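Shared between the two complexes below is chain A, which pairs with chain B and chain C, respectively.
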Partner chain A sequence: MDIFVQQVVSGLATGGIYGSLALALVMIYQATDVVNYAQGEMAMFSTYLAWTLINAGLPYWVAFAATLAIAFVGGLAIERVVIRPVENAPVLTIVIVCIGLLVILNSVAGWVYSYIQKPFPSPFPEKPIRIGNVFFGAHDLGALGVTLVVLLSLYVFFRYTTLGLAMRAAAQNPVSSRLCGIRVGWMLAVGWGLAALVGAVAGMMVAPVVFLDPNMMGGILIYAFASATLGGFTSPGGAVLGGLIVGVIENLVGTYVRFIGTELKLTVALAVILVVLIVKPSGLFGRAAVHRV
Partner chain B sequence: MTRRNIIALALSLGVGLALVARLAVAADMPGVTATEVKIGHTNPYSGNASAYGTIGKAIAAYFKKMNDEGGINGRKINFVTYDDGYSPPKTVEMVRRLIEQDEVAFLFNTLGTPTNSAIHKYMNQMKVPQLFVATGATKWGDPQNFPWTMGWQPTYQAEGHIYAQYVLKNVPNAKIGILYQNDDYGKDYVKGLKDGLGDAAKKLIVMEQTYETSDPTIDSQIVNLKNSGANVFYNVTIPKYAAQAIKKTAEIGWKPLHLLNNVSNSVGAVLKPAGLQNSKDIVSTFYLKDPTDPTWQNDAGYKDWLAFMKKYYPEGDLSDLGNVYGYTVAQGLVQVLKQCGNDLSRENVMKQAASIKGLSLPMLLPGVKVNTGPTDFYPIEQEQLAKFDGERWVLFGEIYDASKK
Partner chain C sequence: MSGAGLRRAVVLAAVVVACVLPFVLSNFRLFQFTQVFIYAIALLGLNILTGFNGQISLGHGAFYAVGAYTTAIMIDKWNVPYGWTIPVAGLLCLVVGFLFGIPALRLEGLYLALATFALALAIPQILKYFEHWTGGSQGIVLSKPRAPFGLTLNPDQWLYFVTLGVLLVLFVLAANLLSRRTGRAIVAIRDNPIAAQAMGVNNALYKSLTFGVSAAYTGVAGALSAVAIAFVAPDTFNVFLSITFLVGIVIGGLASISGAVFGALFIQFVPNWAQDISKAAPWAIYGIFLITFMYAMPRGIAGSLRLVLGRLARLSGGTRRVA
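So, the complex of A and B:
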């Protein structure tokens, strides 16, 4: 029984990591209708900035806030400079641009900071919390909490603020929005900025676990896509829940289904997604896209 | 015959002779001229394994030093190194370019198990030396079937043997849990341990877990290993996962005898990120002098290395064992070139590489020597165990010689 609970707890911890990056993916998709393949590398790059600030002597939370601000401006700038020229191009062009961005950010980070992995501090206590024979990492719990706070803020933002509502309108119906006086171009840029900000939070919560190096988001991005697909690309809450589900399922199947073991864990996660896509293409919590023709 | 004609004739004769001479050299010794020997190399300067890129840079820096000092037997080394990003198809492309276009004399210290595997057959078909490859897989020492390929560092299997002996001698009632990377590298290490344990292997090994390099974390595997009741943890992982494993075992309160593979025993890249306190009492193996170990502070070999780093590779990290590795393997090659004398044909390079006797190099641990022979394509086969005391690795016990077992 202990092993079962411990595997679930550890699955929730990893799932929280997937969910936090999935949240950033969903965020940008909702705000701009783009699936951003460079999301992981943007988060990684922001984390390096945070690392630089912390090493310069800033207290953790000051560096945290400063990184969020820089990430927001950086995301905004990327949209203005890189994405805007191809805004109306076919989907494939945008995908290629995003992948290009991924490679560039990865190489620049390696060039500037080297590929040696670095420890990244956690704001939470190091000592694990022990209940019976089950250990909860304090950082894992804290990170999950932070992800939920981000999720809640996004919900409030998109639901109750003028800017949030304007952004949703701009993504869903650009023409009508423009007629209402919403500056659609800028709304898209703000969407990228916010996604970069959410990604930066994810990066700073992930780095203490997987350590900071330019490739730290590589594997995680695949799982984040899986989580977002499972939960639904249009549902922030679904993305986080999707992450948790993927994390727990992969651990339990790896532990208890002998012929799958640890070798086919990733395959299981992907199989789950395939099934979801066949049965419910918009994800567990996503809305089916309806277009008037 | 006018004077102009004579000059023209003389010129064309001269050019013709020069061409013949050049062709003759090219036929015998590709990549070699009277003043230069051209050597090819691939290394991951970008991508997933780019932490190893520093090895290529250290080698290039060492050859620069040799050239500044007049070269070897009057010839300077022209070191051509390409980035393969640790991607086997890219390695094939780069190596074909090195051999067919750049016409290098031979390849030296190409890095990686999957990458070297991709060019293994090609090199032996082309009969071009693939010398001192930077991987510890066992398959590089097979002169019978692959006479043009030779390893360098102790093999993963040999290292596995050492841990097996250590466990058999020191841990009564051992229950071994293994975590390994699901590829040739991981399996080599596991085979070494099992061979070393012999018949006891089945009884002693209580659980084996694997991971893929695409896995974000290995937490789940560590939880399973702890639950298996193992009191020995054989950790066969690359630096990123090694650091995670050390941290996680401490976090879930598992305190086994932790055997950490040599691949990941860097203090700077693994133990520091994982937490030095969490790393206390881990056991690993060494064959090079760790530049962070104060034992070598006044050692002549260490001082020379330090001076070399400061002059020729000032941007290199002084705590990175990769820079010691590159320096040492380059010295190994220089020895081969010296032995070759004026005959730098590919046959002779292989012949000389296979006749190194008792060579000590300044940054190898005292007692560790390079030895090769016509049937022994494993240059370094000696290692020593070390235990981490919370600050640094402390060597203990004797030098273990894998060639004698």
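So, the complex of A and C:
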């Protein structure tokens, strides 16, 4: 039972990371109908920037905040420069451009920082926290906390600020929003910026666990895809919940199902994606897509 | 000379050059060209699916792996002559691709890309898991086949001709498939699935069959690569292999048969040159080419060449028309 609780909590911690990355994917998908394959690499790149800042002697949380700012501007710039020219292009074009972005970020990170794994500091104490008979990793709890804070602030931003409202309007009905005086193009760019920021948080929270290297987000991205698919690509809340569910499932399956263990982890994510897409393509909380013929 | 005649002449010249190459090039260069032909087959397979049929696959490395491992396991475990393993690998991939194509029917563009991307990421793990068959992370080592019938060719030359032969057969088959009724149905589904259905095309059947044929081509390429390299290991079939194929068809030319050859030349030789700059440089170049081609030359090298050749033919024919 103790092991079970431990595994659930540590599943929630990784699930929070999957959930935030899934949320970043969903934010971009809702605003621009693009599934951003480069989301993981953007997060990885931000984490490397954070590593540089921390190594330059900045305190962790200052570096953290600075990285978020850089990630936001970076995401904004990527939308303006790379994505905007192909905004109305066929799906294939957009997928290819995103893949192009993925390999550029991946290789530039490898070029600048080399492919050797680097340790990344955690801001939380190493000593596990004991509640009753159960021990929890401090980083797990901290990461979960940070993720929840980010998600909550995003919720408040979209729900209670004018800018948030404008962004939701731009995503829902670009033409009418433009007629109301909302600068739709810029709203989409801000959406990319915010997605990059959320991704950066996920990257910095997962890096102490998986170590920093240019390919570190590959496995996490596929789990984020699984989370977004499970929750529904049209539902931000669903994506986060999907992430938590997937994180817990991953941990429990890894612990209790002998033949899967850790060796087939990615295959579990593949199975989740395929099953959801076949059984309920809109996900648990998404709307079914409707097309005008 | 008419456009079609010109094209036929170019193809013939290319085949003649390809037949002379083994007697002038070093074995190492020859091996590189063998690899080009193998890539060309795989790219043609992916192009049939993605370029002609409009189903986006980011996971064709998986079918390449299935083909390679089929051949490797048959040779290693059951001592089957390699010549027999290649069609078996193709058939197996046809079935696997057809089966994967059935759930893919329900997935539109982005979702299919997603599912295949996940497949590409997961395949090395799956290969390592079935260690008893695949030899785990160690992979399987094979030996290079010799030339049969007392031919005075060294193994590299022989493999070169085998691959060239398979390539030519498969290209002719694809050209015939795509230029006739079936091909028009495949393209119609890409351009407007609803209209295609209304015209009496069985979308579901054609889409899953296209998936199967595409996987079979890529599987044959994988099988040939296992024979040519004489080694298979799970980590060579990672997600970047699938992305390499995507790079190949984009650069070569989407929905173009000759584009597969240009794409294969690109993905074989450009990384070799770029490797000298940095280990990461090939991929940086791939990325930049992917994006700039999408902006500037969405029809790839083949499409741009066709444009130029078409203009030349019109000029030399003297019949200038106002386009």
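Operating definition for what follows: the second predicted complex is superposed on the first by the 254 of 293 C-alpha atoms of A that agree within 3 Å, B and C clash if a C-alpha of one lies under 4 Å from a C-alpha of the other, contacts with A are read in each partner's own complex, and residues count from 1 in each chain.
In the analysis below, a contact is a pair of C-beta atoms (placed from the backbone, for glycine too) under 8 Å apart; a residue touches a chain by one contact, two chains touch by 3 or more.
Model, not experiment: these values are computed from the prediction.
When the two complexes are overlaid on their common chain A, residue A:G110 makes contact with chain B and with chain C alike.
Contact with chain B, but none with chain C, is seen for A:G11 once the two complexes are overlaid on the shared chain.
In the superposition on chain A, A:P128 makes contact with chain B only, not with chain C. In the superposed model, A:V62 lies in contact with neither chain B nor chain C. In the overlay built on the shared chain, the residue A:T93 is in contact with chain C alone; chain B does not reach it. Look at A:T255: by the touch rule set out above, it reaches chain B but stays clear of chain C. Of the two partner chains, both chain B and chain C are touched by A:G219. Once the two complexes are overlaid on the shared chain, A:E263 sits against chain B and chain C alike.
Residue overlap on chain A between its contacts with chain B in one complex and with chain C in the other: 107, 110, 115, 218-219, 222, 263, 265-266. Against chain A, in their complex, chain C makes its touches with residues 50, 54, 56, 58, 103, 106-111, 113-115, 117-119, 121-122, 125-126, 128-129, 194, 239-240, 243, 246, 250, 254, 278-284, 286-291, 294-295, 298.
Note for the complex: chain A touches chain B at residues 2-3, 6-7, 10-11, 13-14, 17-18, 107, 110, 114-119, 128, 130, 135, 137, 209-211, 213, 215, 218-220, 222-223, 250-251, 254-255, 261-263, 265-266. Of all residues in chain B, those touching chain A in their complex are 46-48, 50-51, 53, 182, 209-217, 219-221, 223-224, 227, 239-240, 243-244, 251-253, 268-269, 272-275, 317, 320.
In the complex of the two chains, the chain A residues touching chain C come out as 35, 37, 82, 85-86, 89, 91-93, 95-97, 99-104, 106-108, 110-111, 115, 218-219, 222, 225-226, 229, 263-267, 269-270, 273-274, 277-278, 281, 289, 293.
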